[in-house]
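Each of the two complexes below includes subunit A, the first together with subunit B, the second together with subunit C.
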Partner chain A sequence: MKRYNTFIGQQYLKILKYLTDKRKNISFDYKNEIEKYRKASDLKTMNYLYEVISKKKINIDKPIVGYFCKTIPEEIIIAVGATPLRLCNQDIYCAEIGEEIIPGDICPVIKAICGYLQNDIKIDLLVIPATCDGKTKLAEILTPIFNDRIYFIDIPRNSDYIENIDLWESAYLKFYDYLKNRFKAKPSRKELLSVCKMTNKRTEIFRKIYQLRGEKTGIINSFDYFILTSASFYLSPSDWSEHAEILYKELLGKVVKQNYRKRILLAGSPIIFPNFKILEIIEDSNCYIASDILCSGYGHLFDPVKIDEETELGIIRALTLKYIAPNLCPCFLGIDKLLNAILENMDKYTLDGVVYYNLRLCNVFEIEIPILKDILKNKGIPLLVLKTDFSREDIGQLKTRLEAFIEMLK
Partner chain B sequence: MIKAGIDIGSVTTKCVIVKDGVIFGKAITKTPLNIEKAIDNVLQKAIEEAGIKEEEIKEFVSTGYGRKQCKKANRFITEISAVAKGGHIFGGKKSCLIIDVGGQDTKVVEVNDRGLVTGFLMNDKCAAGTGRFIEIMSNILETDINGFSSLAMSSKNPIKINSTCSVFAESEVISLITSLTPREDIAAGLFNSIALRITTMVRQFKNIDRILFCGGGAKIPALKYYLEKNIEKELFVLHEPQFVSAYGAAMIE
Partner chain C sequence: MKNKISFIRRIVQIVSFVLLIYGGYIFKTRLYTETGEKLFPKLKAPEGYISTTKFKEGSILWPSGTNPVLENYPPSLVCRFAPKGGLFKACIFHFISENLTWQTHIKYLLPHFTLFILLCFLFGRMWCGWVCPIGSLGDFITSIRKKMNIPVKRFPDSFKSSLRFFSYGIMVISFFISILIGIPNFKRFQCYWFLPYCQICPARLICPIFGLIKPGWKDFETVITSMFTILGWLVMGIFLAAFYFGRRIWCHLCPVGLINSFFNKGSGIELKKRAISCNKCGLCTDACPMGLKDMYEKDTNGIYNQNGCIMCLRCVEICPKEGCLSVSFFGKKITESKFR
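Take a look at the complex of A and B:
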């Protein structure tokens, strides 16, 4: 991304310097914020996971490869001996800082990412996929800070795998070669395979928790669940699996005390700590999120690597099928996948309705709504759209909407 | 059985005393910062009008955005369910679409023949297309809401106003004033822009044969006129439009 440097003047670098200083003055401490949710938890194992989030526990012994979006294959990053760190961020303070670099009607997640990168986590390589317009431009905007430490993956936005598999494959292979050169590593086929096994193990345990949550109302509250999924951004797959396994055992023995009024499916924009506003509204209305299909939870952990051919190419091919083919993100072509995921979950867990969270200014989520409304109406599935951003002034109105929706379900 | 329904809206608080489905007493007041006080105030007035004692009230249901603040209430329901129930009874117990233009919210609620909500839409978090917007605009035109409405009705040549955001509309209106556009044409244009906004909400529902109109907005003739013009359907303004939600709350089973 070096060539952009010439376009971006010294003035801009000065702004960045000013922002870095400003960032230091804002408390980046999640302690108070997280305590609110930790108190609501009745699971012992969660304590550690809350700590992972509040202290941002990552393995800094290895080089850190920061990335955005669920389309980046963690397996090949781990195979070259680096630590993958998903940087998707929804911190309102980070978004405010990001606003000074990217003002205007831009998605708050992009702003938050931009602000977040001003903090002191040392990132050796930043991987940015072309999954949405905001991220694509972010690659340019961040060039003055990261210089040659940015890698841009161009991913075609048609997730029809028969048509596009070759394109994805070449993008991933190019990325893999780049990583090998950059970190001077030559992972063997077996090493890559063993990493895939590790993430598959993680998928396996995640699916068990996902299913248990859908089947037993009240077994895990939504804060705990999203802390659990967010923790996978920081922890290595094996560490995460280890704790999730203990959590699963604890869940099996748990006696549910809380009574929930309705069981819903949460779809739409991602939910990442500390922006748990939608979860607060849903929990406050005594509604149980029995299932979700968000890219920050389900999307990040649900799909396994299914290897047909145990060659390097075969593994890369399997990775594209894990990361891109089942993508439910509205940036991609293929709303049929989203609909199928919704219908499958509704049916499997006998849910009362769908809550679709639409993050303001992430316009693609909004584009989908009319189609979604139409099809779900025909199927007799109630749908509520909650459109909002990170700010808290509309909590009252959103609650009214959700409660009216619950009353409608009765 | 005597029941009380109280609707704590963003601008006004309403109370209705209902005996066997009939309104015996009702009262309305501005919602002050002290919500408790407003509740006591309207309740006392309504009780006086009904000629009963407070102990006789068997059930007390609150609705509206301040519903949780009402300590006397045995039940809380959202204003969506309340307006659906009230509108359904007032409107002759048939399936219908209810437009409720309130202070900070505009709701469009689809109700089936049993009085149950089958779908609803609310305006976004800004004040566009709500009572608040009408109030702000009448201030800019240096008149009250009634005057604003009559101005709009007297216009022969409504201008087109694109903005429904109260902040942007204000600057648009001011620039129109400075370009010597007649006040009545601006007023008409403003009502038309609000009506357009609500019409897009209405158009999202398929069954729009029977449309009821309530909330404080239903008392403004110009709003009704421009809504009917845009939706191309007659609107039935409910009896005592501001009390529909309070009545619906009292009547909820």
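Take a look at the complex of A and C:
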């Protein structure tokens, strides 16, 4: 693995020391928020998941492989005997720290990740995909801290199967070989298959919950749902599916009062735990997120590994078709997939409108909006774009816009 | 169950393999009744013309049994050279070449041909994917490769279309030769050039071997028979290699499959796609044993019976989106893709 510019180290470490001192003075536990969301929940099983989120429970006896984005194959990380940990972060305080290192008009998620990683150095390997520009450059920015503990995956940005399948396959194969060397593991085909089975089980249960949420208005509130999906970042697939199964059973037994809340589809930028601002606004304004296609929940859990040929290469290939080909990230070419996903959900769950959450300064999402607006207008589907960042100042304004939109739906 | 369609297909393949290869052993008597004879007249070579029965043991076109159980020609590769005559008479390619040489009157051919077209319209190329014995054997060879952890070799589209072109070539040339040797002046060439494709077809060697009968695999009597013998070995080698490395790549070349493929569009079995559900993961194309790309590439609702499609329904089985791909039989939905 090529080392990046380590010569900036000295100056950088000084800044780092200053930052870690600063970080000690801020509280990070989000107790108030968690209490608030937990109170809104009426499901018993959620308690454990809230605990997972607040304590960031990780399996520590195994080496930890941190990664970003949904394009990194968890299965092969688990197969070599490591614990995958998705580090996608939307911590407001971490973003403030990240601001010191990379100031300017840069996506707040990148800043948050950067800030978060400054003293959480327990991670054995950091895997960074070349999905968006910010993440690509993170590989260089984080080099002084992680040195050779960074692995960079170059993923071609055209998510067309026929064009790029060979490139994806070789990128994943390289990554797999690297992991095998690094962790001195030689997983057999059977082990790989059993891991795939485990994640497929997770997908199965997630799909059940996803469908139930779409069919019954008000069965699960959006905080619980996103806590559930965020918990999958920390929990192993088998643990997560165990708890999700219990939750699913509880949901099945739950009696929902008939209500006429407007049902909407949430699309756009990811929503990860502390940054539940949008969800708060939506919950307050009497409409129900019946379905979502965000990469933090749907994108992370919805697609299964379907293995055609059970050879080693066949499994790797199946993984690329799980992680890269169907993903809806605007970094990749292929807005038709996003449209299909929106239209299918609108049709399947009879939704009233689409709310597109655009995290400010995440440019790729913004570029997509005009095309989306145009096409959805032709199809007669109402669309509201909410553009905001982590700060809580514009809550009132967003609320009025959302309420006006819901009024329009009637 | 996870791979339900594949499982059913495997069973159908095994049953039809046993029936088509060992049919002559299983049904010791002919099931060909009088009414059957009236409906489907037995086709015989006219006086002075050659037929497979006239070849002696050891020569290329020697059939081990003269009387098949049924005198029909289904749209699958049922070989004339199956042991003890086999269950059915022959494949459609054999049927056409033979009768072109014999110049049989059309009124005898018509009932056989009508049955063939009817069966084709019912199931399309499903005969290739589910019934064809040498296709089943090929699938078995492919499964050995999978067990040995060797990845599949994928061929470019241009190669596949050139195979199809080649297949047309084989068809045209062998029919042309068959017509030519039927002309009285060229009668003396009949014993060498009769059924030109059958002489190199891998099924001619495979079917007797599986019935524990020695096929005419080394006939070096004259220059032409030695040429056909060596050509037969070559094609056999290509056949095994094609199935070992490239799944069903052979089926692009098979002229019997080519004739079936003419009826694929508009057949009773319909492969449908609901474009809105597609998440463009490419699994349908990745898993397609014929390597067809339409299902992935096109974004319209409708019927996707492509010429190459052998209706193995692997795409429907593997599609991870619920209700995206479906199979229907004359408009009635049989099954659709679902996750698990």
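As a convention for this text, the second predicted complex is superposed on the first by the 396 of 410 C-alpha atoms of A that agree within 3 Å, B and C clash if a C-alpha of one lies under 4 Å from a C-alpha of the other, contacts with A are read in each partner's own complex, and residues count from 1 in each chain.
We adopt the following convention: a residue touches a chain if its C-beta (ideal position, glycine included) is under 8 Å from a C-beta of that chain, and two chains touch if they have at least 3 such contacts.
From a predicted model like this one, the values you see are computed outputs, not experimental measurements.
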{"item": "Touched partner set for A:V255, first subunit B, second subunit C, both or neither", "value": "neither"}
{"item": "Partner chain(s) touched by A:Q397 [first = subunit B, second = subunit C, both, neither]", "value": "first"}
{"item": "Touching partner for A:I165 - first (subunit B), second (subunit C), both, neither", "value": "second"}
{"item": "Residue contacts with subunit A in the superposition, subunit B compared against subunit C", "value": "C"}
{"item": "Which of subunit B and subunit C A:E312 touches, first, second, both or neither", "value": "second"}
{"item": "Of subunit A, residues touching subunit C in the complex", "value": "159-162, 165, 189, 200, 203-204, 207, 303-304, 306, 308-314, 317-318, 321-322, 325-326, 334, 336-337, 340-341, 343-344, 347"}
{"item": "Touch list for subunit B against partner subunit A, complex", "value": "65, 77-81, 105, 116-120, 122, 124-125"}
{"item": "Subunit B-facing residues of subunit A, complex", "value": "387-388, 393-394, 396-397, 400-401, 403-404, 407-408"}
{"item": "Touch list for subunit C against partner subunit A, complex", "value": "146, 149-152, 275-283, 285-287, 293, 296-297, 299, 314, 318, 320, 339-340"}
